[in-house]
Each structure stands twice: as structure tokens, then as C-alpha cells.
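Letters are used for the chains, namely A, B, C and D, taken in the order the chains are written, and counting of residues starts over at 1 for each.
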């Protein structure tokens, strides 16, 4: 019992300070409060995998008991997480299904399914026909690509009258870039009816371009985002719907898993983690999948104030 | 007289002030967090962390000595790493016996170094033959190199190496991390090049007055090309370390290292307009940065504050240096008659 | 034959850049006729506003013989902190007031640069490299690191304000926002300062030779100080426009753009050694970068090759005049 | 004496200027009356420029008082000084290369009238008037960087003339001017005097100094050592006061009979600069090349060293052709070149004296890729000693040396490479009398060792003191070849100007 209270659990996120991870920190803090453990969250100042490596090195050096990591670039973290596990640290990851050096990787959902879920809404809005384009934060981001690939696969299987136009458009996780890319797509493909974004800023940029042209009703825009970012465009209808998972819950779940690993408890298929969306997890090797996505539109956005 | 003069030059050199800063930061962190900062664990951890960007700072240093700059170092590092990684994943099976994979590893290393040299050659030609300002030449070429890395990989990471690759970035020899050994070697090599070879002297002299270098019949084009090739080679070594430490290669690794490398070089006393700079200064600047950075992480100071502190340190050092220079100016200008 | 043209017309950077722009437009139109429409023009204009204002500032610094890499950090700092300030004390403030405060913040931060550069005599690159880190670090540590979408309502209204908006008969949409006026204002003001005041001429003079300027009695320190304050103010303006038009105060945006902006200015003929640079050239340089960055899809260049394309463009755009200058110098001996 | 002080426009009392460690001026009294032309003479580093900087407010005095137009000026800066009517033509011109001729000329005037706005018509008017006054024609819209040196100097002079100056200070204004322009400048000085404008004139060309000035003040090591009416001095006595010793010039000895041809230049041509330049240079011969402004002498000199690529023609040294337009090739063929402007072209000012010499011989001291530092230091020190460079420490930066010593360092670099042909462009520009004679000695000595030397200069006494043969250029062509040992100064001047 005494040792349970003295555990240090560091949650290392991709980048410090942004809403997404601030929300996650709420979950981490809630966990710390409820369990009395020293659970805290850190993140690098710049979105660079190497900075995250350095940060984890420092965490290992100061002797934490568990690491809950949201990798910027999973491959890049393999060696350092390997060292962490060798040092006897319990490692949990999130959004990194292919991660080798981890006890468990927690996925809010199967990425392809989430992308298909967005596509399903997009297709419904478009009436199952017309041109659409897709956006990713960066071509190097694995999850973004999985979402988009899942969406495209879903469209090809179910909506033969829809056509994808152009490449995956890269927005560098920047609303301004998403805006100019969207403008360009609108110019290059004047008949376009739908757009799907991946980075949380994508739909904001797309929504702005749509609103500027007064095409709110003529187009359908869906994507991953947060109400705090996309809210104003959901209100005007420039963006029709967003999907996400609640990072606070994910943060709490990671820390919970970390404690389970430290205590040697088994994680099993169909287990209930006692958190919304993770009531009946499915286990595939080391990867734990929940069904924790949330679809939000103008009607229910008030329920998610972050 | 000579004794007195030499002690005076040592203490008045900007590098001496950097030494004081490095020692001070180390002391401060040790006092603030004695059990953790001074732990062997932390010391090795730091030794693993800094070599990759420190080597990039060395590459920056030699180009700055000529009054240039190399903004393509990160692009070159990633491009060489990607090429090496592609060779390793195409030809070397992770399951391959170590003796065989070593051959492929050496081949991949050679290829990476070639890419580094080639990229340096491109930069050198742009600066020397086409007369582009280095800041723009390397900004543009850096985009091109990164772009090639993206195009070759489609933007995703290349991974799945034999275990031997891990040696470059993660192994220790006699308890000393291999990256640190590589950095130390390169720093010594660069120091010797700059102070003990004709080429090194020419580099500094050219930086001090390019026109006079032309009139002194120095082969400027060849010298500039060599400078950028060396910078490219150093960058590719950094790329290999990053690749090994990340067990993968990707076009956007280390993107925050560019400004860091410039900052370290300048903090290390290198004159970005050319003509002055010493490797020891750069090494001390790297150490100060790493002590500060790891120490602040232990104290759980926000990482944004770290950026603030770096910037403030840079300006502080400059203010001290400049003022010391004004005060000392007279001591050089001895009466000629 | 071409008596009405300036003597060096054919050898100027401006001519070259204008030529490259024309060539690019022809290629783009050939590959997709829809490129050459009012829609493209108005989209590009909108995309040029913030970069244009920043570039005018960067040009001024280059002319004065310095270099500034901190202006993006100043822009974000001024935008974000004035937004935070007004959200806290007076969310319903009219936008001109919010803009004025952002400009004042920008000028204040510019004064920091000016102080170290003009009065302590530190090298400009080092100072602005340092203040880039300081401003950004301070902003993210002490003021905030979250994106804010709930801007003061009047800022949103500003972004909805248009000078002209509509659809041509051919069905081409266009829209010119109010913010375009800000760019015009900045250009006119800067043109006036540079061409019509002794202060502006002194900036050129300092760029040509600081020591000579000092000797004939130009107040070098205050002129330099003015340059950095003015550039800071322009950055503050660009930042707040960026925030309101993008309807989001994002403390991570803009930083990282500084070198591209400087590249655009140099494309337009300004020289890193100081003393040279024109507004026409700067605007052409910005136009070129913006056109290329925003038309690669139309021209059909795959996303994976875009960074290579832009890199080659910078190399060509700065390489051709540099090579020509080098050849000319060699010929003249 | 006291009445002198009362009426003086400039009145300096007991001025001392110390730079940390160096006393550049030591308790100097100095007055200038309205309309008076004062000559300031002294060797390099004697403090002339420092004195000028104090009067013009560029540097503050450490001790002593400055009065301008009867008013004490405890705090002075260039603006105040200019407003009081002091205009300076600086030794390095202090022009703005990126601005037009008109703006360069008018800038100071406009500043002194506290103009806030820039009017281009008024600017051109001011510039036009100033140019008319000395009767020169320069394109008002040309950028100053595109002008040849001599025209730059004329622009600097016009800038000083443009304002309503009470005193014009000229710090070596004639270094880049040819005889004809010097004459014109002397005319201007007389005209200024008639208008009541005072002039301070600094020059190393002693004859011209004595010709225009009423009063001579001689500085040595920062102290005033002589002062009096110009009529009390002649070149000889002035030299004596400046150096503290007599410096006689000896004419060159004869070229060895049967000396072989060392260098052969055949029909060297460069469109717009020079045409059909052919000459031979024998071992041990000193060949002078002279000409008026824009005659092409500098271009020819640069072409010999590969800095300018000629369109046609060939250069051979000891029978072997030298590729043109390539300084490395020229240097491999053992041609050396000491440039005109040692500050920007010749020396690495911030680097040590040692390195400035050694840069020419690095490869010879490299073994196994590394430098033999000891050998390098020995050799360089040896050359510094042979050329009598007065330096406290070979590790000191070369900028701490005086002009004459700097020139010797530049020479040492090339001499250490044992050149066969040495091209000296303005070997004594801005060098004081004492050092000048020493440098001439060095030239004669080198020639006697069999080196072929080409001296490019418009300093006629210098040419006569060193050259066996003199080529005269005009409009890019050689128009005359004279025997240096028989031609007289008057004759040479005549051929140059005709």
C-alpha cells in the first residue's frame, strides 16, 4: 500500500500547451487526485520527435516508475522506450498501434474505423455522390494517413458515385495552410462537394474558405477537431460535423493501465476499464482498442467545452 | 612578460567566460537537484542526448567562419539517414547474422556520407560558382534535400533495421556512449583542421576579408566547396546518429535542431560574419545548453521557459563579450613606433 | 528605343521576378485554363496580405544593413497578448482599438531589438535570434499556449468585412477583404518614409555605410532604433490581421516563416549587405512565393514534391541575379 | 599669441587624446584663422586624422578644450560641428556607395539645414552647383559604387563644397587624383580662401602642401614639433621635422647589362579598358606604368595578376605562357601583386601580422597535411625583420600598425614567396615620407637581386626614384616609353598631361 502512493508516473505528450493535451492533463490530474499518486504530464516545446526522445531520456534519468507516452513519431521512440523498459519502467503508449517497446498501446478506436465513421457522415451529407478531397496534417503522420485511408476504403466499398480528387493535401497542422490549400482545392475543382480533415486545425481552415465563398450549404465538411477550434464554423454550417475522442479519458486510461502493469494485473479482451468508451475493450496483441469516438455537430457541441 | 600576456589572453577570451557559464550552470543544477542531476544515470543520459545537435553545430561553425551559414544541415542529415535506411531495409534482413549485417551497415554508412558530401558539394557550388548568398542557397537547398527525403519515403518513416545499427546511437564503449565518442572525434578533427592546417587558416582569413583573400591568390572556390562538403559530411554523421537513436529514418526528424545549432554556434563565440570562432567555445556552449536543458527538465520547468532562457543567455553573453571587447580594444593597439 | 524605361531595366531583379511570375502564370494557365481567373487573383491577394506586410518590414531592416529574424515572434506575441488582454478586460472592444494595442505591443518589442542593436551595438542577427526565442518563450510560458477561437466579436466582424465580393458572370467567385487596405496603407506609408523623408534616406545611407553616416552627422542610433520599432509595429499589425482574418489566436503560428519572408525580399532585389531594396521588388518577391506556394495543385505537382519545387524556385530566383552580378563584377574587374 | 586665439575660427588648447593604451595626441595647441590655409604634416600615425576627428566631433578629446567660432564646445558631435560650419573630406571619402552622386553631395547640407523631407529637385540643384564650382562633369544619377576611385574623391570634395562651410578639412584629398586634378583642387583652395573659408590640408605630397598653405603644423608621435608660415619650410626641412632625420632619395642604379627578358606581355586587350598592351620586363628591371585618371593602368595591373580577364593577348614569364584571368595561375608563375588599397584589398585587418604574412606560404610549410607552425613563425618573423616592420608582437592584429608598416606587411607576404615579377600598385599611397624612402630602398634592393618589378603610380618623384623605364598610358593604350634615368619630372608631367 505504501508503495502504491509513492509511484511517479510521467505522461509524455507530443507537444506542451495546446488544448488537446491540456485536456489530457485534466484527466491525468484527476487520476492523480483520485489515487494520490505522483502523476504528472510533460511535453516538448516544439513538435519534433527528437525533443520528445530527449525528454523521455530525462524522465528515465530522474527515475520515474511508469511512462505514459503519446509518441510524436512511434518509430523514433523505440530505442528510448526499450531502454525505459530495460530499466524496469512500465511503459504505456497511446496512438501508436505499431509500437514494439510498450507494455500496452491504448487506442481510442481502430483508426480505419474512425476514418470510415467520418466518411459515412460525409457520404450521407453528400447524398452518396460527387467529388471530395482529403486533408492530412502531415504526410508523415501515421494516424492521419490511417484515418484518411480508412475513409477512402469505406467510400470505395460503399459509395461508387463519389470520387476522390487530388492527392492527400498536407496542411502542416496549421489553420492558415489548411485555408490556402482549401482555396486552391476549390479553385482547381469547382464542383467539389465534400472535404474531410485530419489535423484539428484542418476543418477550421477549410470552414473559413467555405464561409468566405458562401458555400456553407453547398458543401459538406467533416474532420477530426475539437469544439473549441471548430465551434464557430459548426455554428454557421461551414463545417458540418467533427469527430474526436476525449483526451482526458485517454490520459486517465493510460495512467490506469500503467498502474495495472506495475501491479502485475492482466489486461483481457472485453475488460471494462471503468471509463466512458472503454467499457468493453478489445485486445489485439499488445494493442487495446476502445470505442471512444465522439461525433459532434452544431446540436451537441455545448456538451464538450474544450 | 609572456607569462603575464598569455594568462591575460586566456582569461579575456570569450571562451573563458563560456567556461565559467558552463561550470556555473552545472554547479547550480547540482545544488538544486543534487541526487538526480549528479546521478550516473543522468550524466550518461545527457551524453547520449547532445551529440547529434552538437555535431550539427560544428557543421554550422565551419560555414560561419567563412561568413556563411548552412541552413540545410537538418535536411542533409535526414536525407543521408533516409538513404542509409533504405539500403538497410532493402538489403539487410533484421534476422540476418551480425557479421553479414555489418557489411551492409558499412555500405549504408558509406552511402550516407557520400550523400552528405554530395549535398555539401551542391551547397558549395551554389555559393562559390553562382555567388548565391549562403543563407539563401542553403535555405533553398535544404528544402530540396528535405523534399527528396519526403519523395523517397512518401513521407513516412523507414524502419526495420538489423540490431547492429543500434551501435552507432545507443551503445557504450568502456562506459562512454558511442555518440559522445563520435562527437569528440569530430570536434577534435575540426579543431585540428581549423588551427593546424593551411586550409583552416585560409577559412578564417577568408572570413575576415574575402576581397583580400582573392588578392592573396587563395583558391576561394575550392576552399568554399571544401567547407560546405565538410559541413555536409558532419551533417550526415549527425543523421546517422539520429537514425540509430530513433531506429528509423524520416524526413522531418530533428526539425528543431536547426535554430538550436545556429544558437549554439553563436553562443560559442563564433562570429556569424566570419573570421573568428573556436571549437572549444562551441563545445562549452553545447555543454551549457545541455546542463541547462536537462536540469530544467528535472525541476519540471516548462519547456517553453527553456527557450526563453536560451535566448536570454545568448544576448547576455553577447552583451558581456561586446563590452569586454570595447574595454580591451586598446590593449591590442600598442604603439607602433 | 526604350527611352522611357530606366537604364538598368533589363538587368534589374524586379524585371526578372516579374518575368518568372509571367512565365509561371502561362504554364499554369496552359495546364489548367481555370488558373487565369479573378478567383485566383483574389485568393492570392488575400494570401499575400500578412506576408506582404511582414516583407515590407523585413525589407526595411535589410536596407538599413541589418537582418531581423524575430519579426514573426513579435507578430504572434502582439496578436496573442492583445487578444488575451481584451478577452479579459473588454471583449466587446471595437477592432480598431484592439489593432492599435497590438501595433503598440509590436512596437514595444521592436524597441527591445532596437535597444540592443542601436544602443548596445550588438550584431543584428544574434540579437534577433535571441529575441526570437525570448519573445516566443515568454509568450508560451507566461501568457498562454492555447489556441483561442472565441475571439472578441469585433475581430470576427473585421474578418467578415469585405471591400468587394461577388461572382462574375462566368461564375468566378471573388472577395477582397478590408485587410487588403492595411497592406495598401503600409505600402504607401513606407514608400513615403523611404522616398520622401530624410529619415528614409538616412536608412538607405546607414545601409550603404554606417561609418560614413555617422561622420556626416546622421543620427545613426536613433535611425536604427526607429527601423526596429517600425518593423515591430508592422509585425504587430500583420499579427493581429493574421489572427482576426484566420479567426483564431494561435500562439504557434507564423514562427518559422521568417526565412521564407526574407527569401521573398531578397528575391525582389534587396541585398543582405544592406543599402539596397525597393518596395516594388519586395512585393514582386512576395507575389512570386505566394503564387507558387498556392498553385502547385493546379499545375499538377504532387504534394510529395512541393518542397523540392519551392526550394528550386528560391535557388533559381536568387541564383540567376547572383550569378549575373558575379559575372558582371568579373567582367568589370 | 593670445590675439591668435581670440580671432581664431578653430581654437584647440592642450588637446590630448588617448585610446586605451595609445596616446594619439599629446597636449596639442592648434588654431585656424578664418580664410587661412593650414597644412597639417606628419608621418603615418602621428595623429593627423585624430586631430581632424576631434575638430569634426567624430571622437571626443580626452583632455583639453575645443572652441569653434569663439564658442567653447564641451560636447561635440558631427552634427553640431557641421552646423558650426566645419566640413570634412575624410581620408576614406566616407561616401554612400548605394546612393546617387547627387544625394551623396547634398546629404550633409540637407542634414545641416534640418530638412525633414527629401526633395529630389533641390538635391540635384545643390549637387549641380557644387560640381560646377570645380568644373567637373559627373552623372548626377550614377550610383557612387560605379564610379572610379578618382571620381569618388571628387564627389567627396563636392560634398564638402556644397555646404556653407567656414572650414573645410581635407584629409589626404589628393591620393587618388592625378596631377591635373590636383592643380584644379589647388585652384579651388585658393578660391575658397578668397571667399574667407579656412582650409586644413593633410597630404604626404610635400610639394603640393607647401604650394597652397600659409601655415604649416608638423606633428610627430602625437606632439606638435613645428609650426610656422609655409615660406619658412621647404621639402627638405619639412621632411626633417616630420621624421627627425634627413631622407635623401637616390636614383636607381643601372640594369645589369645583358639582363634576360623575364616577362613578355603581348597585345593584351580588354574591351573598354585597355588595348594592345605589349612590353618586356628584364630581370632586375623596375618598370613604371603611369597615366591619368581612367587611363587603364589599374586594369592592366590587375590583368597581369589575373584579377581581370583580358579579351585577347598573352603573358609569358621566363618563356612559359601564363593563363590569363586566374590569380592562382599568376601566383604559380611567381607573379606577385600588392594592391592599391591595402585596407580592403591587401590585408586581413583583424588577423595577426604573422598570419597576414604567412597566408602566402602555407603550402610550403605543410607536411603530412599539417602546418609546421614553428617554421611558419620563423620565416614570417624573418621577413618582418628584413623589411624593418615595427611591431611589438607578431600576434598583434595588423590593424594596430601604422600605414607604412602595414604596407611592409603586404610586401612581406609576397616577398616570402620569392616572386620573379612583382607588381606594385601605388606602393607608397598614404605612406609617410620616412617609410616611403624605405620602401623605395626595398624596391631598388629587390631589383638588384634580379626580381622584375612593375610600379604603377602617378607619384612622379616616386617613379623617377625607382624606375629604369616608364610607360605612359592614355585611353587604355601605351603612348610613350621613357628612360627613367634621363627623363626629368617636368618632362614627365608634360607628357602625362598633353
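The rule is simple: a contact is a pair of C-beta atoms (placed from the backbone, for glycine too) under 8 Å apart; a residue touches a chain by one contact, two chains touch by 3 or more.
Just so it is clear, the structure is predicted and the values come from calculations on it, not from any experiment.
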- [ ] Could you find the chain whose CA centre sits the greatest distance from that of chain B?
- [x] D
TODO: Take the average of all CA coordinates in chain B, do the same for chain D, and state the distance between these two points in whole angstrom.
DONE: 44
Task: Inter-chain centre distance, chain A versus chain D - centres from mean C-alpha coordinates, in Å - done: 72
Task: Distance from the mean Cα position of chain B to that of chain A, given in whole angstrom - done: 35
Task: chain B and chain C: spacing of chain centres that average the CA atoms, whole Å - done: 31
- [ ] Could you list which residues of chain D touch at least two other chains?
- [x] 307
Open item on the list: Residues of chain B that contact two or more other chains, please.
Closed with: 150, 154-155, 302, 304, 306-307
- [ ] Spell out, as numbers or ranges, the residues of chain A touching 2 or more other chains.
- [x] 16-17, 45, 139
Open item on the list: Can you give me every chain pair that touches, using the contact definition above?
Closed with: A-B, A-C, B-C, B-D, C-D
Open item on the list: Under the definition above, what is the set of chain A residues touching chain C in their complex?
Closed with: 16-19, 22, 45, 139, 166-170, 174-176, 179-181, 183-185, 187-188, 190, 201, 204-205, 208, 212-213, 228-232
Open item on the list: Looking at the complex, which residues from chain B come into contact with chain C?
Closed with: 71, 126, 130-133, 135-137, 139-148, 150-151, 154-155, 259, 262-263, 266, 272-273, 302, 304-312, 314-315, 318-319, 322
Task: Residue numbers on chain C that touch chain D, as the complex places them - done: 195-201, 204-205, 207-209, 211-219, 274-276, 330-331, 333
Open item on the list: Residue numbers of chain C touching chain B in their complex, please.
Closed with: 116, 120-123, 125-127, 129-141, 145, 259, 262-263, 266, 272, 304-315, 318-319, 322-323, 325-326
Task: In the complex with chain B, residue positions of chain A that touch it - done: 16-17, 40, 42-51, 53-55, 57-63, 73, 75-80, 83, 138-140, 142, 145
